[in-house]
Amino acid sequence: MSASAVVFYILSFFILAAGLLAVASRKIFRSAIWLLFSLTGIAGLYFWLQMEFIAAVQIVVYVGGIVVLIIFSIFLTQQSGKDLPAPVRSRAIFSVLAAGAGFMLTWLMIRRYGFHPVGQGTIDASVGNIGAQMLSTSEHGYVLPFEVISILLLAAMIGCIVIAIKTKPEDK
Amino acid sequence: MPNDAYIALIPLLPLAAFVVLGLFGRKSLLRLSGIIGTGAVLISTGLSLWTAYRYFAACLSDGACRLITPLKVTWLTFSPGLSIDLSVILDPISVMMIVVVSFVSLMVHVFSLGYMKGETRFGTYYAFLGLFTFSMLGLVLSGNIFEIYIFWELVGCSSFLLIGYYFDRPSAVAAAKKAFIVTRFADLGFLVGILILSFHAETLDFHTLIQRLTGPSPQLASITRASFLGISLLSWGLVLVFIGGAGKSALFPLHIWLPDAMEGPTPVSALIHAATMVVAGVYLVARLYPVYMFADPAVLRVVLYVGAFSALFAAIVACVQTDIKRVLAYSTMSQIGYMMFALGTFQAAGEENTLGYTASMFHLFTHAFFKALLFLCAGVIIHRVHSNEMKDMGGLRKLLPLTHGCFLIACLAIAGIPPFSGFFSKEEILLAAFHANKFVFAVGLFTSGLTAFYMFRLYFSVFWRRQSQDVGSHHGEAPLTMKIPLVILAAGAIFAGFVPFSRWVTYDGAPGKGQGIGGFAIAPVMLALLGMLLAGFFYQKESARPAKAAAALGGLYKFAYHKFYIDEVYSFITKKIIFNFIGRPAAWIDRNIVDGFMNLLAGVTARISARIKGFQSGRVQDYALYFFAGVAALAVLFIYIYT
Amino acid sequence: MNLSLLVLAPLITAVAVLFCRGLNRVRWVSLAGASVQLVLSFGLLALYWKERAAGNDAAMLFEYRHAWYLPLNIWYHIGVDGISVAMILLTAIVMEAAILVSWSIKTMSKEFFTLLLFLSAGAYGFFLSLDLFTLFFFLEVSVIPKFLLIGVWGSGKKEYSAMKLALMLTSGSALVFIGLLGLYYHTGGAGGPHTFDWVTISQMQFPAEVQRVFFPFLFAGFGIFTALFPFHTWVPDGHSSAPTAASMFLAGISMKLGGYGCLRVAVFLMPDAAREYSPLIILLATIAIVYGAFATMMQKDLKYINAYSSISHCGFILLGIGMLTRTAIAGAVMQMISHGLMTALFFAAIGMIYDRTHTRLVGRLGGLLKIMPFISTIFVIAGLCSLGLPGLSGFVAEITVFMGSWQHAGEMYRLATILACASIVITAVYILRATGQVIMGPVREPQYNGLADATWNEKLAGILLGAGIIAIGVAPFWLNDLLASGVGSIMDHAEKTSIIK
Amino acid sequence: MWAGFIFSLRQELIVTGIIFLLLFIKVGATEYKTAVILNLVNGLLLANFILGFIGCQDSILFSGMFHTNKLLVLEKNILNLGTLIISLQAYDWLKGHRQVLEFYLLLLATLVGFFFMISAGNLLMFYLGLELSTIPLAALSSFDLEKRQSSEAAMKFIMSSAFSSALLLFGISLLYGATGTLDFDTIGQRLDGSAFQLFAFILLLSGFAFKISVVPFHLWTADVYEGSPVTVSAYLSVISKGAVFFVFIQVLYTVFKPLAANWYRILVLLSILTMVTGNLFALRQDKLKRLLAFSSIAQSGFILAGITGSSRTGDASVIYFILVYIFSNLGAFGVVSLISAQTGKEGIDDYKGLYATNPLLSWVMAISLFSLAGIPPTAGFFGKFFLLMAGVGKGNYVFIGIAALNMVISLYYYLRVIKAIFMESQPEPIGKLTIPFLPNLAFLICVAGIIMTGLMGWVYDYIYSLSIGL
Amino acid sequence: MNQVPLSHILFVSTALFFIGMYGLFTRRNMITMLMSVELILNSVNINFIAFNKYLYPEKLEGVFFSLFIIAIAAAEAAVAIAIIINLYRNLRSIDVEDANEMKF
C-alpha cells in the first residue's frame, strides 16, 4: 500500500467519522465543528485527487461561508450549552434501517457495475483551464450555466433579504 | 253486404259522445250531456238493428251466416303477419251482441236521464257511459284477438271509472280498484294466452287464427308439438284465454269483484255488471269456440266445471244476501256460470254436441233483457227507498206498481217459467248439459231451483212482506224517462225467448236444427215452481221463518252469508302475503341492501381515507423518510422483481 | 336541415335568458326558446318524412361532418334516423312542458331556466351524434345541470340525492368511456386510423373476444342511466328530490339517453356480444321490472312511486333490447318515448299537487278530483298510461315489447316475458292505490278545499304531454313507421355481422 | 449571429430584462406606488406573453446546453400565460404587501429557471434550472412573513426539495459515472438498461416525481400549498408542475427512450398510486387550499397516465392538459386568492352561501372545478379524455379503468365545494366582494380558456403537430 | 492514487450520503438538518470529481458540475437559514417536531 493510498484511507476515515459525529452529536456546536472537519476532510480528498481548485473552492465556500453561516444562525436561534433533543425513537430506528438498507442497496449497485474508463486523456483541472471554460461559449464552454447561476445567486440573495430582514412594524 | 263501413259508426258514435262530453261535459255542456249521450247511442242502436236485420236477412237468403269483414285498418304492425288490425267483423254472435249492447245501453242511457238527474258530474257520467258503450261495441265487433284485448282493457277501465263514480266514497273507490285489479290479474292470463296462440298461429286475426288452429297446418303442428309441463301449448293458450274470460265474467274464483262493483250507480250495474261487460268472457270463449272444440277436450272440461261450480256457488250465496244489488250480482254470476258451462258441454260426453254453443248465446241474449230489467227496477226501488238493504224495503207493490210488474216479469223470466224468455234459453242449456254430463246437468237443475228461490225471496221481501210503506217525500213512482226503459225491457224479457235463435246463431254459421224442448222442460219448471213456493212460504209475510231456517242451517248459513270467506282469503293473500312477504322486503332490500351497497362503497372509501391520513403527519422528516422508502421500494421492485 | 340548430337553439336561449331582467321576461324567453325547439323538431319530423317519401333510404339523413380533433380522428358528426327523430321530438315536448310547469320557480329563476335549457341542448346533441366522442360529450354535459337543479331547487334530502345521482351517473359514464376507448383502439384494423365514427365502426366487425370484453362496459354504463338493476338506486332519490321540471327531464329524457345508448352503441356495434350477454340482460331487466314494481307498491311518497315505477318501466326498455328481436327492439324504443311522455306528465301532475298541498305523501292527500279536476285528470291519464291502458302510449309500447319478447323462443326468455307481463298487474295495484288515495276518496284536509286548479301554463303543459300520449296510444302506426327503418337497420346489422351464431 | 442568439433566447432574455428593470426600480426609486408597480409589471408580463409568439427557429446553442424549437417555445408561452394570470390574480394580495418588487423578482427568477430547464440540453442546465426555480420559490412560500404557517410551509418546502435534489443529484452523478456525459443526446445513446443505470434513473425520477407531486414523493405538497400565500400555491400547482412535466416528458421520450419498457411500468404504478392517494386525501379536506393541493396531486396521476401512452398523442395530450389545467386550476385558485385576500377565509364551510352574495365568483369557481373534474363542455373534459385515451394506447385497460373510477371519486369532492357554494347557507356568509379590474380580467381569461379551449379543436391540432412520440 | 480503486472512493461518498441522510431523518434541530443536507451534497460532489478523474478525464464536466453544486448549496443554505430564522421568529423554536401545524 502506497503512501498515497494510506493518505486516502486516513482521509476517508476522517471524513466519515467526522460526518458521523456531526449527525450524532447532541451538542449543536460540536456538531457544527464536526461538520467543519468533515468538509475540510473532503477538501483534503480533493487535494489528494489533485483537484486543487475544487479543494480551494470547497474550503472557501464551505468552511469560510456555509459553516460560518450555520454557526451564526446557531447563535441566533439557540441557547448554547443545551443538549439537542433526542430523536424520536421510532423514527430513529426506521432511519437507521432506511439509511442502512439504502446504503447496502446502493453499494451493491455500485459494486456490481464495472466502471470502465472510457477516455484516455489526463484531466486538466488547472485554474486557468477552468476559468477559460467557464466563460467560453464554444465547445465545453460553461458561460450559460454561469450566467444562470448568477441569476440564481441574485434571487437567493433577494430571497434571504426579504425573509430574514427584520421589517419595522408598519405604522401602527 | 257491400258498403258496410258505416258499421264503424256504431261504436264510434258513443266514442264521439265520450270525447265531446269528456272535454266539455263538466261545464258548458252539462245540461245537454244526457241528450247528447243518449242521442248518440240511439243512433247506434238504430244502426245495430238495421245491421242485424240486413245480416240475418242475408243469412236467410244465403242459407248460412257468413263472416263479413266490412272494415279493416292496420293499427300496429309487429312483424310480417302479426299486426293489430282495427277491424269490424260481422258474424251471428257479433251481430247479436251489438244489438244487445246498444239496446241495453240505450235503455240505461234513457233511464239515467231520470235516475242521475241533478248530479254535479252528470256530464262526466254520460261521458263514461259513452266510453263504455264504445268499448263494448268495439269488443264485440273485434276481428283481431289483440283488438279484442284492447277493448277488453277499455271496458275494464270504463267499468273502473263508473264503479268509482262516487269517488268520495271510500267503499266505491275500493270496489273500483278491486274490480280493476282482479280483472287485470285475469287479463294477464289472457295476454299470455294471446302471446302463445298468436306466436304459433303467426297471426292475430281471429278468422285466420281459427282456420290455422283447427285445420291441418304447420302452425297447428308447431303449437301442439310444443308443450309445457306435458300439456300442449295450444291447451295452455286456450286455458289462459279462458282465465281472462273468467275474470271478466266473474267466474269462481275470480268473481270477488262483482258484488263490490255494485257500488257504482245502479244503471251502470245494469249495463255493465249485468247485461254486457260481464258476459264478455262468455263471448270470448264463444269467439274462439272452434279452437276450443278442436283442442284437447280437457280444456272445455275446465270451462264446464268452472261454469257449473260458479253457477251453483253464486246461487247459494245469493240465497242469503240481504243487499238487493248483491243478490242480483250473485244471480248474474250464477247465470254467467250457466252460459259458461253451456259452452263447456261440447264433447264432454265424448260425442259432438254443439247445442251448448247456441244455448249459451241464447241465454246471454235473454239474460241481458231480464237482468238489465231487474237492475233498473232495483234502481227505481233504491231511488225511492234510498237504501240497498232488503230490510228497509217491503210492501212496495202499491207504491211502485209498474216496477212491481216489471220486476215480477223479470223474476219469472230468470226463474225459467214459460213462456218468459229465460225459460227457453235455460231449458236449452239444461238440455245440452243433459246430453253431455249428467252430473253437471244435476247441478244446473238444482241451481235453477235455487234461482227461482232467491229471486222470489227478493221479490217477496221487497214488494210484499209488509203492508205498505211510506218512504221519501216523492210523489209518483218515477219520472217517465225511468219508466219507459222498464216497459221496453219487460217486453224484451217476455218475448226474447221467441226469437228463433238457433236458426241463426250456431257455431259454424249453418242453421241449427232447433231441437224441441217438449217434455224435457217439466222437471226444471217444476223445480222452479217449488223454489218460488218455498220463497213465498218464507218471505211473503213477515215471520220468524227465515230466521229459524237460518238457525237450522247454522254454520252453512253463516258460511254462505260471508260468501264462503273468499274475500277474506284474497285479502289475506294480498295484504298479508304479497305486501308483507314480497312488497315490503323488496322495498327494504332496495333501500338497505342494493342502495346500502352503494352507500357502503362510499363509506369504505371514506373509511380508507380516514385510515391513511397518518401518512400526512405534518413532520417533514417523515416525509423525507417516506420519500426515500419510495425510492428504495421502486428500486427493489423494478430492478429485482420486475425485470 | 341543419341539425346543429337543435343544439344551438337551446344554447342561444340559455344565453339570452342570462341577459334577461325580471322574472317574467326570463320565463317568456325560455318558453319562446322551448317553442322554437318544438317547432324545429316538428319541422325535422316533416322533413324526415318528406325525405323518406322521396325515396331516400340512407340509414342516416341530414348528416353533417366537421373535423374537431383531427389528429385523433374525432369529428363532430351528426345525423338522424327515425329513432333519433322520435327521441328529439320527445325531448322537445318534454322541454316545453318542463318550462311551462316551472312558471312558479321564483328563486334564481334565471339560473334555473338556463340550466334546464342547457340540459336539453345536451339531450339533442346526444340523440344527434354519430360520432361516439360527440355522443359521450353530450352524455356527460348534462351531469352538472342535473346536480345543480336537484341540489339548489330540490326538496327533501336534496344534496344527498344530487350527489348520489351525479356520482352514479358519472360512474356510468366512466364505464361507457372505457368501452368507447376499447372500441376506438380496435378500429382501424386494416391499417386505417382509429376512429370514433359510428358509421365507419358499424361497417366493421370486431373479433368476438373484443366484443365480449367491451360490451359489458358500454351496456352497463349506459344501463346505469336507464336504471339497470342493481345500479338504479340513484333513481328514487334523484327523482324525488328534484324540482318538478328536473324530475320530468330526468325521468323523461335523461333515462332514455341510457336506453338509446345501449341500443345505438352497445347492441348495434357489438351484436355478437349482445347476443351472448342477452340472458344476463334479460335477467337484470326482469328483476328490475318485477322487483321495481313490488318496491313501488310499498312507497308512500308520490314521487317515489313514480321513480320506482320508472325503474320498472325502464326495465321494459332493457328487456326489449335484450331480447334482440325486431319487434322487441321497436317496443323498447316505443317504451322510451312512451315512458318519457308519461313519466313527465306524472311528475308534472305530482309537482302541481305538491305546489298546492305542500305534501307528496299519499296518506295525507285525498279527494283531489273534487278540488282540482284538471290536475287530477292528467294524474289519472298518466297513471292509466303507466298501467298500460289501451288508447294511451304505454299500452302500445308494452304490448310491442311483449310480442317481441315472446318471439324469442328460449324457455327462460319466455319465463322472463311472462314475469314482465305479470308486472302489469302489480303496476295496476300501485297506480290504483295511489290514484284511489290521492285523487279519489274524501277530501282529507279541510284546507285543501280552497286550492286552485291548474293555471293556464300548467294546463298547457299537461295537454301537450297528454296529447303526445294519446297520439301514440290511438295511432301508434305513425310512430311505428318512423321507427321502422332505424330498428330495421339495427336488426339487419345484428344479423349480418353475427359471427358467433 | 448575435441576432439569432438573441432571437432564440428571447423569452429568457425578456424575463431577465424585466427582472433587472424591477431591480433598478428597487434600487433607484425610493418612493413608488404599489398599484403603479403592479400595473407596470402586469403590462410587462402581457408584453412578454405576446412577444413569445413572434416566430421561432429551431436552434441549439451553447454547444448543446440550450435547445429551442417550436414545441419548447409553445411550452414557455403556456407558462408565460399562466404567470400572467397568476400575477393578475395576485393584485389584491400584493396591494397590501410591502415587498411587491421582491415578489416579482423572485417569481420571475423562477420563471427564468423553468425556461432554462425546459430548454436544457444537458443535465447540468437542467439541474440549474430546477434549482433556480426551486430556491426562490421556497422564499416565496415564506412571503406571508408574519404567518407561522407560511414559514412552516417554506421550511418544509426547502427541506424536502433539498433532500429531493440531493437524491436527484446522486442519481445524476451515478448516471454520469455510468455514461460519462451530461449531454442528453449522448446519455440516450449510452443507456443499456443495466440495474445500475436503472437505479440511477429511479433516483432521477424521484427528483422529478417530487416536483410534480407524485405519490409517495408528494407529501410536502399539501402542507406547502396550505401554508404558502395562495398566489404561490397557485404558481406551484400549475407553473412549477407544468414546467417539470414538460421537461419530464421530454426527458422520458428522448433521453430515456431505451428504458421505455422499464419506466412504463414504473409510471403506471406511480400513476395509480398518485390518483388513488390524492383522491382519498382530498375527500376529507375541509380547507380549500388543501383540497386543491390533493386534487392537484390526483391530477398529476392523470397526467402520468397520459405520459405512459408514449405516443405523440400522449405528448400532445399532456401539453394540452397542462394548458387546460392552468386555466382551470388558476380559476379556482384565483377565487380562493381573492376571497382569502379580502376576508381571510379559506375553509369550505366559509364558502357556504357564496352564491347568494357573489354569483360571479361562484360561477368562476364552479366552472373551474367542473373543468378540473373533467365535465363537459369545459376543456377539462377534453383534457382528461385525451390523457386517458393516450394512456390506453398501450392496451392497459385495467389501468385506465382505475383512472376512470378515480374521476368519479374526484367528482365527489369537487361537488362538495359546489354544494357548499350553491346549496348550503350559513348565518354569516362571505359578504359582497368587489373584484378589481385585473383579477376580473384574469377570471375572464380563465373562463374563456376553459370554455373555448375544448371546443376549438385547432389548439390541440397545433400542439399535436409539434409534439413528439417515443 | 492509482492504487486506490474508484470503488473505494465511491464507498466513501455513498457512506457519507447515507450518513447525511440519517442525520436528515433524525436531527430535530432544523439547522442540524441543514448540516446533514450539506453532507449529502458533498458526497455527490465527491462522486462527480471521482468519476471525472477516474473515468472521463478528457472533459471537465464532473468538475464543473460539482462547482455549480457548491454554489447552489451555498445559496440553498442561505435561503434555508433565512427561512429557519423567520420561522424561529414566528415559532420561537427550531425543533422540526414543533413545525407540524399543517397535517393530514
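The letters A, B, C, D and E name the chains in turn, as written, and every chain counts its residues from 1.
The rule is simple: a residue touches a chain if its C-beta (ideal position, glycine included) is under 8 Å from a C-beta of that chain, and two chains touch if they have at least 3 such contacts.
These numbers were taken from a predicted model, which means no experiment stands behind them.
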**Report entry** Chain-contact steps, minimal, separating chain C from chain B
**Finding:** 1
Report task. Chains touching chain C and chain E alike, please list them. Result -> B, D
Requested in this report: Look at the interfaces A-D and B-E and say which one is made up of more C-beta pairs in contact.
Outcome: A-D
Query raised in the report: Which chain is most remote from chain C in terms of Cα centres?
Result: A
Report summary line: Distance between the CA centroids of chain A and chain E (whole Å) is 5
Report summary line: CA centroids of chain D and chain E: separation to the nearest Å works out as 27
Query raised in the report: Centre to centre, by mean C-alpha position, how many angstrom separate chain C and chain D?
Result: 42
Query raised in the report: If you average the Cα atoms of chain A and of chain B to get two centres, how far apart are those centres in Å?
Result: 102
Query raised in the report: Multi-chain contacts in chain D: which residues touch at least two other chains?
Result: 124, 128, 131, 135-136, 138-139, 142, 145, 154-156, 159, 163, 174, 177, 180, 195, 199, 222-223, 284, 412
Requested in this report: Hunt down the residues of chain C that sit against at least two other chains at once, touch-wise.
Outcome: 167
Query raised in the report: Using the touch rule from the top of the page, what residues of chain A touch 2 or more other chains?
Result: 91, 94-95, 98, 102, 105-106, 110, 115, 118-119, 140, 142, 145, 149, 152, 156, 159-160, 163
Query raised in the report: Who touches whom among the chains?
Result: A-B, A-D, A-E, B-C, B-D, B-E, C-D, D-E
Requested in this report: Using the touch rule from the top, collect the residues of chain E that touch chain A in their complex.
Outcome: 1, 3-4, 6-12, 14-23, 25-29, 31-32, 34-36, 38-39, 42, 45-46, 49-60, 63-64, 66-68, 70-79, 81-86, 88, 94-95, 97
Query raised in the report: What residues of chain B sit close enough to touch chain E in their complex?
Result: 613-614, 616-621, 624-625, 628
Report summary line: Per the touch rule above, chain E residues touching chain B in the complex are 21, 24-26, 28, 33, 96-97, 99-104
Report task. Spell out the part of chain A that touches chain D in their complex, as residue ranges. Result -> 105-106, 109-110, 112-113, 115, 118-119, 137-145, 148-149, 151-152, 154-156, 158-163, 167, 170
Query - Complex contacts: residues of chain A adjacent to chain E - result: 1-2, 4-5, 8-9, 12, 15-16, 19-20, 22-24, 28, 31-32, 35, 38-39, 42, 45-46, 48-51, 54, 57-58, 61-62, 65-66, 69-70, 73-74, 76-78, 84-85, 87-88, 91-92, 94-96, 98-100, 102-103, 106-107, 110-111, 115-125, 129-130, 133-134, 140, 142, 145, 149, 152-153, 156-157, 159-160, 163-164
